[in-house]
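Following are the structures in question.
In the two assemblies presented below, chain A is common to both, partnered first by chain B and then by chain C.
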Partner chain A sequence: MGGTEVRATVTGPRQDHQKSGTNKDRGTIETGFFISPFAPVDRKNSSRFDKRSKETQALLIHLFESIVILDQLPRSSIQINITVIDSDGSLQAATINAAVLALVSAGIPMKSLVSACEVSLIDDEILLDPTQDETYFASGTLLTGHVTHSNDIALMESTGQIPHDTLTSMLAQAHQGCEQITDFMEKALQTYAESLSGVR
Partner chain B sequence: MSETIALPGEIIDETGDFVNGHGTRQTSRGIVSTILGTASLQNKFLSVKPLRTNYQGEVGDVVVGRVVEIVQHQWKIDVHSKLFAGIKLGAINLPGNELRIKDATDELNMRGFLQEGDLISAEVQKVHADGSLALHSRNLLYGRLENGILVKVASSLIVRTKQHFFTFSFGVKSIFGLNGYIWLSPSSDIDINQQLREDYAGASFIPRTSNVLSDSSALPFSPFERGTRLAMARLRNILLLMNSEWEPISPQVVEELFNFSHKQKLEVIDLLNDQIGHKLLTDFRAYRLSNAAST
Partner chain C sequence: MDILSPGESIYVRGGFSQGVRNDGRDFLQFRPISIEFDGLRQCYSSSKVRIGSKSQGTEVTTGIKGVQLDKHVGTNDTQFQSTCQPKIQCTVHYCPGVNSNELTAATRVQQLDQRYLKHAEASQEQGGQSTGQDATIGETGSGLDSHSNTREMEHFLSAFFTKQYSANLLASFQGSFAHDWQLLIDTIVTEDNGSIIDCISLSIICALSYLQLPCDDEDPDKPFTLSQFLDWTTLPLSLTCYSIKEAGESIVVDCYPEERACSVCSFVVTTRQDQHDITKNPVGASGTSSLATIKLAQYHCRNIREQLISALQQHIDAQRALINGEQSSIYSFCISLK
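Entry: the complex of A and B
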């Protein structure tokens, strides 16, 4: 997405290594999140354990626990690993989109596809897919994850300040953006599936 | 019927005339796919077959797997499925074709037969309700695997054939595990191990002679020729190539491609190059098509 590049890998489902026994009839989701030192604008070292990456991981788990059909994967776990190659705004949205595609390609059952995008508010102007600089100057940023082919919202998170009267128009803008991403994702999956199955 | 591709969340039937099967979900909007795969209809039964998944076993499948742990009278085996497969102490043959109920002493000696990290071949005996597998090795074909290479490919690529144990003409024998694990070893091993096999007639797993955890293979290491070694390396690279190019894998096709790569005068290492590999496989497909047309 723009100047942002994210790689996602999915391992599993495989047997849960924890012997807790608390999740006998449901699967679990684990995440890993790594920002390469060269990815952000301000070069800095390992951020595997900082607040931001923990927050993104919590976000991913929260989202996918409602999207992935975990009842069909008893006693097993799915590991989602994210590596950020290049970071220039809308990072969380890009992360979610990458993770969704990785889950689909791993053949994991999901209720639906989800596409995510971010909108920012700068001086009463709504920006779709803000870059890092734009987020910096924005008074508020909204992240939404839309369930494809419906008006359902699977995820919504805001940072900064958003006046309540602009929220609706920002949501509408985000929905439009998500639909574009959905189109793109579905086309990509279609070609991917054709290459694997030989069905045209 | 013709097959169509279904994406997760895609509505594949709105009429409500059909029964939803694997890979689908009944919602208020109709039957919805939950996975990426090909939708197929059998009578009124609508299901989606996944394109890529972990191994889902069936009774009678030949599998290759690795021992991961030993729990109460069974070994847990990683066969690249959602859950570990189990092989019960009662599902193996003891040395000397002894057929009896296994007792506590046998349970203590379990590590003598198989320990963590060992590779084995076995057959699926039963599929449990949660999808986990029970294996058995009550056959001389199955046993511990030593002295060879393990190649891991996608399980859905392995073609179901009558022969999953295959000896190639160039001195390599192989086991095509349906779980996507393929075992390659020199075929000359048979003769060297004959004596040991006779000593422990009928045993699924030949007991280890020493209990030193590291280098303690039961079978003596038998050196083999450079030619065999190269053939094994070539075979491994061919299998990896077929995996990355998503080409269905069966012993016959592998052998053809092996010979074809020889004819193209490709070195073993060349096969690991993406471009050369892709070209080889494209040429190979064309070659097979023209062959099929002429016969």
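Entry: the complex of A and C
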């Protein structure tokens, strides 16, 4: 998405090696999140276990446990690994979109597709898909994940301060942004499916 | 990868004995190499190198960033004219979900012990008769691996390339510098199907080939100026060479994991302009090779380096022209070495 490049891989479903006591009637989702040292503006070695990685991993698990039909995958685990190659804003939205496409490519059963985008508030102006520089100056940022072709919201997370009356406008703007992302994802999936079937 | 089955081993070795590899390449031929410049916006320079096809290849991405360490202020308020030999720090990371195909020394010993114990127990259960199963361990040679230690491989590769590109070895940036620099060369491995050291080495060379560092300008109206390009033809290139019994005295480069599993010995040859360094590959093989094989490897690696330089020259010149023209676009191309 713009200057943000994210790589998502999905492994599974494979046998779950969880210890006894966990729910064996449903599958589980495990995530890995890694930011390349050269991705952020300030180069730093990000550990796989630092706070930001853990937060994003928890976010992905929370989202996909409600989207993926885990009842059809008992005693199985699905591993979703994310690598951030370049970061220039809307990182979490790009992560979610990449993970959704990877799950579809892997043939994991899902209730629906989810498209995500971010909106920021800078000086009473709402910006869709902000860059890294714009995020620095934003007073508030809203991340939303919309279920495609419906008005349902699968994920919503805000940071900073957003006035109550502006929140509705930002949600509407985010919904429009997600619809654009959905069109793009569907075209990409259609091209991918045609390439698999040998039509193209 | 899993340990080779006897059938696979016979198939691969049979091909080598006839002078043919699985994909029809010569022993000294690389898989197609595709290179992409300037794909990362946040870095001073970057490159993405892929050796092999999309379905079975090795891909790495290298990004270079710099940190200014000290500022030298000359007397009489003049700029301190100097050449800059930046300090280098290289790191290599495997993407989550990507495991190294190499077997490090520690885990290799562990694997050998476990396999030997299993065979010993099995032969005892069969009445203590030797079934010749122990020979299988020798036949699979250097490549037996199914549980490679990715983190250990990351540490090894980071240390290997940091040592190689230390300040003593890297060509200097010419120009007026008022700062000392530390270059941070970070590589991420997105796929590993053999020749990981070769791929990373090539990626670092490509990224360094069009690197320019900002330095203070004497003109007070200009905030900074960019240094001249490095002489990239002097940078070290590392190639992994394998010695396979069925291939005779010849060495083999750019091996798949299956081919590597049949090798007797492997070593890394690092060639600079007029020098060679031979490193016994601490990952993988523990066999020995003759002096003649090592000399042959030096000769062939020098030839491969010359081919690579001539193949890359025009593309690097084009990329430098784009940089000088202040055009930012991703430049990608493919080369094939024979």
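In this text, the second predicted complex is superposed on the first by the 195 of 200 C-alpha atoms of A that agree within 3 Å, B and C clash if a C-alpha of one lies under 4 Å from a C-alpha of the other, contacts with A are read in each partner's own complex, and residues count from 1 in each chain.
Following the convention adopted for this analysis, contacts are C-beta pairs under 8 Å (C-beta built on N, C-alpha and C of every residue); 3 or more make two chains touch, one makes a residue touch a chain.
All figures in this text were calculated on a predicted structure; none of them were measured in a lab.
A.B. asks: When the two structures are laid over each other on chain A, do chain B and chain C clash or fit?
C.D. replies: When both complexes are placed onto chain A, chain B and chain C end up clashing with one another.
A.B. asks: Given the touch rule stated above, what does A:G32 touch, chain B (first), chain C (second), both, or neither?
C.D. replies: It touches chain C, and chain B stays clear.
A.B. asks: Answer with first, second, both or neither: which of chain B and chain C does A:G3 touch in the superposed model?
C.D. replies: A:G3 sits against chain C, while chain B stays out of touch.
A.B. asks: Just chain B (first), just chain C (second), both, or neither: which does A:I85 touch?
C.D. replies: After superposition on chain A, A:I85 lies in contact with chain C alone.
A.B. asks: On the A-aligned overlay, A:N151 touches which partner chain: chain B = first, chain C = second, or both, or neither?
C.D. replies: Once the two structures are laid over each other on A, A:N151 reaches no partner at all.
A.B. asks: If we overlay the two complexes on their shared chain A, which of chain B and chain C does A:P109 touch? Say first, second, both or neither.
C.D. replies: first
A.B. asks: Of the two partner chains, chain B (first) and chain C (second), which one does A:T11 touch, if any: first, second, both, or neither?
C.D. replies: It touches chain C, and chain B stays clear.
A.B. asks: Have a look and say if chain B or chain C is in touch with more residues of chain A.
C.D. replies: Per-residue touch count on chain A favours B.
A.B. asks: So, does A:Q161 touch the first partner chain B, the second partner chain C, both, or neither?
C.D. replies: Neither chain B nor chain C is touched by A:Q161.
A.B. asks: Of the stretches 38-46, 146-154 or 164-172, which one of chain B hits chain C?
C.D. replies: Among 38-46, 146-154 or 164-172, only one stretch of chain B overlaps chain C, namely 146-154.
A.B. asks: Taking the stated contact definition, name every residue in chain A that is touched by chain B in one complex and by chain C in the other, in rising order.
C.D. replies: Correct list for chain A: none, the interfaces share no residue.
A.B. asks: Could you please specify the touching residues of chain C with respect to chain A in the complex?
C.D. replies: Listed in rising order, the residues of chain C that touch chain A are 39-43, 46, 61, 63-65, 67, 91, 93, 95-98, 184, 186, 188, 190.
A.B. asks: Spell out the residues on chain A that touch chain B in their complex, using ranges where they run on.
C.D. replies: Counting only chain A, the residues touching chain B are 12-15, 69, 73-76, 104-113, 147-149, 186, 189-190, 192-197, 199.
A.B. asks: For the complex, give me every residue of chain A touching chain C.
C.D. replies: 3, 5, 7, 9, 11, 32-34, 36-41, 43, 45, 48, 79, 81-83, 85-88
A.B. asks: Give every residue of chain B touching chain A within the complex, in rising order.
C.D. replies: Touch list, chain B to chain A: 3-5, 7-11, 23, 25, 32, 34-38, 50-54, 82-84, 130, 246.
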